[in-house]
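So that you can tell them apart, the chains are marked A, B, C and D in the order they are listed, and the count of residues begins at 1 in each.
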Amino acid sequence: MLETTVPEGPVIRIFRAMKLPVGDNFAMAGLIIYVIFALTAIFAPVLAPYEPTEILYTVDYDLASDLLPGQEGHILGTTSLGRDIFSQIVFGARAALLVGLTAAFMVAFIGTIVGLISGYYGGWVDTILMRLADVAFGIPFLPFVIVISAFLEPSIWNTVIAMALVLWRDTARVIRSQVLTLRSRGYVEAARVSGSSDFKIILRHIAPNIVPLSLLYGSIAIGWAILTEASISFLGFGDPNSISWGFMLQDAFASQALSRQAYHWFIPPGLAIIFVVSAGFFISRGYENLLFPKLGR
Amino acid sequence: MTTPLVEVENAQLHYRVGSAVSAMMGLPSVVKAVDGISFSLNKGESVGLLGESGCGKTSMGRLLVRLENVTGGSARFDGAEISQLKGRALRTFRSRSQMIFQNPFDAVNPRYTLAKTMAEPLANAGIPKSEWRDRIIKALELVRLADPEQYLDRFPHQLSGGQLQRVVMARALILEPDFVVADEPVSMLDVSVRAGVLNVFREVRDKLGLTAIYISHDLALVRYVCERTIVMYLGRIMEDGPTEAIVREPLHPYTQALVAAVPTPNADQSHEPLPIGRGAPDPRNPPSGCVFRDRCPKAFDRCAAEVPASKKVGTRHVACHLFDEAG
Amino acid sequence: MSQPLLSVKNLSIVYEVPNLDVVAVSRASFDVPRGSIVGLVGESGCGKTTMARAFTRIISDNAKITEGSMDFDGKDLAKISEREMNDLRWRDIAFVPQSAMNSLDPVYRVEYQMHEVLRGRGGMSRSQAKARAAELFEMVGIEANRLRDFPHQFSGGMRQRVAIALALALNPKLIVADEPVTALDVIVQRQILDQMRALQRDLGISIIMVTHDISVVAYICDRTVVMYAGEVVEDCETATLLSKPLHPYTMGLKNAFPDIASAGTGILTPISGAPPDLARPPAGCRFAARCPFALDHCRSVSPTLMSFGDDHSVACHRAHEAEALRAQAALPETWGEIL
Amino acid sequence: MSTLKPVLSRTFQLILVLWAVVTILFLMFRLMPGNPLAAYIDPTFTLEQQEALIRQFGLDESLLRQYFTYLGNLLQGELGYSFRYRTPVAERIWLLLPNTLILTFSSLIVAYIFGILAGAWLAWRRASRAEAFALPIVLATRAMPEFWLGMVLLAIFSFSLGIFPAGGTRSAGTEYESLWSLYTSADFLSHLALPMLTLAIYSQGLPLLLMRSNMLDVMKEDFVTMAKVKGLSPYTIVIKHGARNALLPVMTSFAISVGYQLQGNVVVESVFSWPGLGRELVSAVSASDYPLAQGAFLMIAVVVILMNLIADLLYTFLDPRISHA
């Protein structure tokens, strides 16, 4: 193994220790987008010139509706109700970050635990958990989230929980099969023969090999969650109290932005979603290259 | 005489393969990796488990260190049924019975330093931390790794296969066990370093008075390490006796073919065709009666009808109908 | 004496790894006489497989033949155009891989893969190919009706026979076999070796048998080429090699190998140390660091492969003392620690 | 009989999963907070009228009884009555299902043909500039919200350029004698074009990436190296061995994609006012028409589960290592 020795800062070293895919161009691009995205979400009140739901007026005290980008100092123009589109985009990052991170965390967490238990213990526990995964695979994802979001009070949390209830299945299956291979590795068997407890074996020999895979599935789930939340909001089942990119698109669609050629209104939220979701895909690709280098994807 | 350290009686290890539906349809759904094996090992005895791939020799070894549990019959260690051990008794068993694995690169965690790898059994046995370093170095010296201190902070990929296999051996021996199962410990190593590992194995076995099982497909290696050999075929024992006798005068037709097939590094060796039929054993679908009969040149009617029982022939036990009258 | 079928001269093959070149085969020379089986023996990483692949010129993308020639029946395999080379492939030089399982396409029946060669490369008609495929299967001892099977339906030994049948398809002059029996159990191994020997005699072809196992070489090969760390260190008839080796490495290998035919078990003697890193080969003889007979001279000057006695080449500065060294080499204490 | 075995055992599994999904569906709709009839009970209704309504929908019985009634009805293909339309749910669903299936299959077939060809081409051009350019774009199409892509296409091709109609399956006032004449009419096809294109652009990424990475893997297999050693032609090596092997998992992914697509249709059908199951589900949920929403959900679930089964079986039959075990 030959590695070029480039002086590394502490950040890079931490990334390496976490097996974050530094060095892969795709992954680095993804990480940079994530950083920009997270900073935007955190500093939204500072960055946004207006309140996202505030109805604005021009200097002539007219309703500031349907302004084009640049007019009256509105970077991306305004909506037909006179709201600042740029501010909505900035605040939309908050909703996306919240949904993406919590859903990804829940999906990766549930999936990893189920996969670990199922793969390590096998037997009837495995059978039950994997039949449950089969059932989860039989549930149409988006319709399920719609029904749950609509019947329970429409809120971001209900959407996130509905997603996690279905999406854990993919992670669980992959983690399980990985655990199955790890379990038959010589060093795991050696640990069993030397008397290590199951807990110790899972903690010391299996989990360290699983964590990068969980992170990989987590980073894919971030994208899925943001896309799903956008769909839910677009269909009108979203959280009425939060400005999300999906909500903006629904607003635009319902306000005939399409027939009125208001591209400045519905193009930016879509681009924002693509930007953030593809960052997740870029990172996951970097991870794959790192975890499965032979495949050369 | 004292009771044997290891006693195996009619042990079985059957795996279910395929689904419940295929079982209902009467398709072969059970693989009998170990199917009615009996032998016992006295303290300090070493025996070679010899056979082709799929004969169940590794499964048999795994039963004895409790990496698998018998599905029928019994396998006892120091009088206690291995699969029933619990709690304290299990912990004692884990420190008394060890395994040396086939692939040294797979048998140690690639993320761990060798010191950390070696410390795992010590921690499990509750040895105080202050003694770890000394015991690790002592174990590495035991397997004749020169200058053992230098290895403590190294990672597995920094060692050669031969060195690493010695580390694996040292880990197995660090708690001074009574019993060791060595699963083809040199088959992944280059010829020029094999001899060193084998010699170390012989030395520590004698020094510690170990009871040992040496699993191999290579009769020449078994002969070098063990005085007694058990020949397995499709989950059953064909022949069991002193290695030298088996090499000189194999009794079972299968053993005869096996001995004749072993290649030697000599120019003048027999090129006679082997006394065995072509074809390969199919563990899912073994023949009725004697499992070897479909390849056996001497098979007759009774071989298909009856499973041959093990018979004592001189110093040996043979499971073959040819010897029915002899006993 | 007739021209050898293949004559390798000063062949070097280099793997280009970023920042560094690994010389996998270094100035190797040997001949393959017509109608003979030549063993290419050595430990893992000694360059035997790389060299065997070079005879088909299908080597990894980052490997390059940097010097030397491979004279095959009047053509230099290192120089001829890709088109000419492709003409020779399988028609004149066929290959038997170590794992027939991975070398057969899992989604096609064996018959299809047979026809692919017979018709695609041999220009046969469908009916000719059918007859020839059945004939080939018979030659290697498989019933012709199994042609309709998929590769995974054969046992390991049978698959290896299929690979041999495939190699024989176009009546090649040379078959390169890369560890063809390594993955098999002794009984099947022996049966396949017998088959190969018989076919080679009947058809008068030549075989290069790559292996790490001297007993396989002893059983089947007429001549043996011993490789160490990318270099050919000894080349002679197998019987001579086993009875009167000239190179200390060959002597050591024999000492390390258990022999079931010997009277007692004796003591096996390892060769201490490990082969050198081919990215940074040492000056002088590459075996010197592990050789009990190495002199200062050996550590500074690299020995060249020289003819010694009749038809026996060796690369060792002390080859002229070989008889005395052999006597010493037979004693375990010569090799230092045996543990 | 080795071909019958996987079909039987998988079908058995399918029935179990179906039963579990049906049960979850029942619980979802029955245990939700609020009276399921709330939206339909006018404040002016008398108490008797309300109770009559509750009895009519069987809501006065115990949960367990309701469950068995529900299962019994399902077994007879009985999905209940829509609150809104006051017609049998099954009738409505059978009317809409063809529209959804036409949209799904047409878009996926286009996506797979394109994806397989482009994926194989990109594998061939590995590490080229074309790859560096194409890969991020493909990943970005996977990151697009489908409905947004639909909106953009709608704005450009319908509202700006006026090439395609804005929604529905047919122009106002057109009538057709049969469904067949409707589906083959130019009018229907021009309505189909934009939603189909939207879903196709979104879906092509999966077969493309899968085909590409499979090709790259297969080309490293020993049997491909051996094909070179055999001196076979590049066409034989790349197409007959490389692509043929790489195609296997892509084919099975088609069935899975049908299931996924059906879920994605929910939004795209809404954008294009395409009268399919997804749009119906959304409007039924919005209008609290529980029987209809439940029926639409169930129908989508059945197709998803069926497609998972077909994917499994395809894999079993297309791969000789399994079908000829």
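Brief remarks follow.
Simple rule for what comes next: a residue touches a chain if its C-beta (ideal position, glycine included) is under 8 Å from a C-beta of that chain, and two chains touch if they have at least 3 such contacts.
Which chain is which protein? Per UniProt: A, D = Peptide/nickel transport system permease protein; B, C = Peptide/nickel transport system ATP-binding protein.
What you see is a predicted model; the values in this text were computed from it and never measured.
Ranking all chains by how far their C-alpha centres lie from the centre of chain A, first place goes to C.
More contacting C-beta pairs link the chains of B-C than the other of the two pairs B-C and A-B. The mean-CA centres of chain A and chain B are about 50 angstrom from one another, to the nearest whole unit. One finds 32 Å separating the Cα centroids of chain B and chain C. Once the centre of each chain is set as its mean CA position, chain C and chain D turn out to be 56 Å apart. Of all residues in chain A, none touches two or more other chains.
By the touch rule above, chain D contacts chain A in their complex via residues 13, 16-18, 20-21, 24, 28-29, 32-33, 136, 139-140, 142-149, 151-152, 154-155, 158-160, 166, 212-213, 216-217, 220, 259-260, 262-264, 266-267, 270-271, 278, 281-282, 285-286, 293, 296-297, 300-301, 304-305, 308.
The touching residues of chain B, counted against chain A in their complex, run 65-67, 90-91, 94-95, 97-99, 101-103, 106-111, 117, 120-121, 124-125, 157, 168, 171, 175. Partner chain C is touched in their complex by these residues of chain B: 52-53, 144, 160, 162, 190-200, 203, 217-221, 223-224, 247, 257-267, 269, 271, 273-274, 276, 278-280. On the side of chain A, the complex with chain D involves touching residues 26, 131, 134-135, 137-144, 146-148, 150-152, 223, 227, 230-231, 234-237, 246, 249, 252-253, 258-259, 261, 263, 266-267, 269-270, 273-274, 276-278, 280-282, 285, 294-297. Of all residues in chain C, those touching chain D in their complex are 56, 58, 86-91, 95, 97, 99, 102-107, 109, 116-117, 120-121, 149-150, 152-153.
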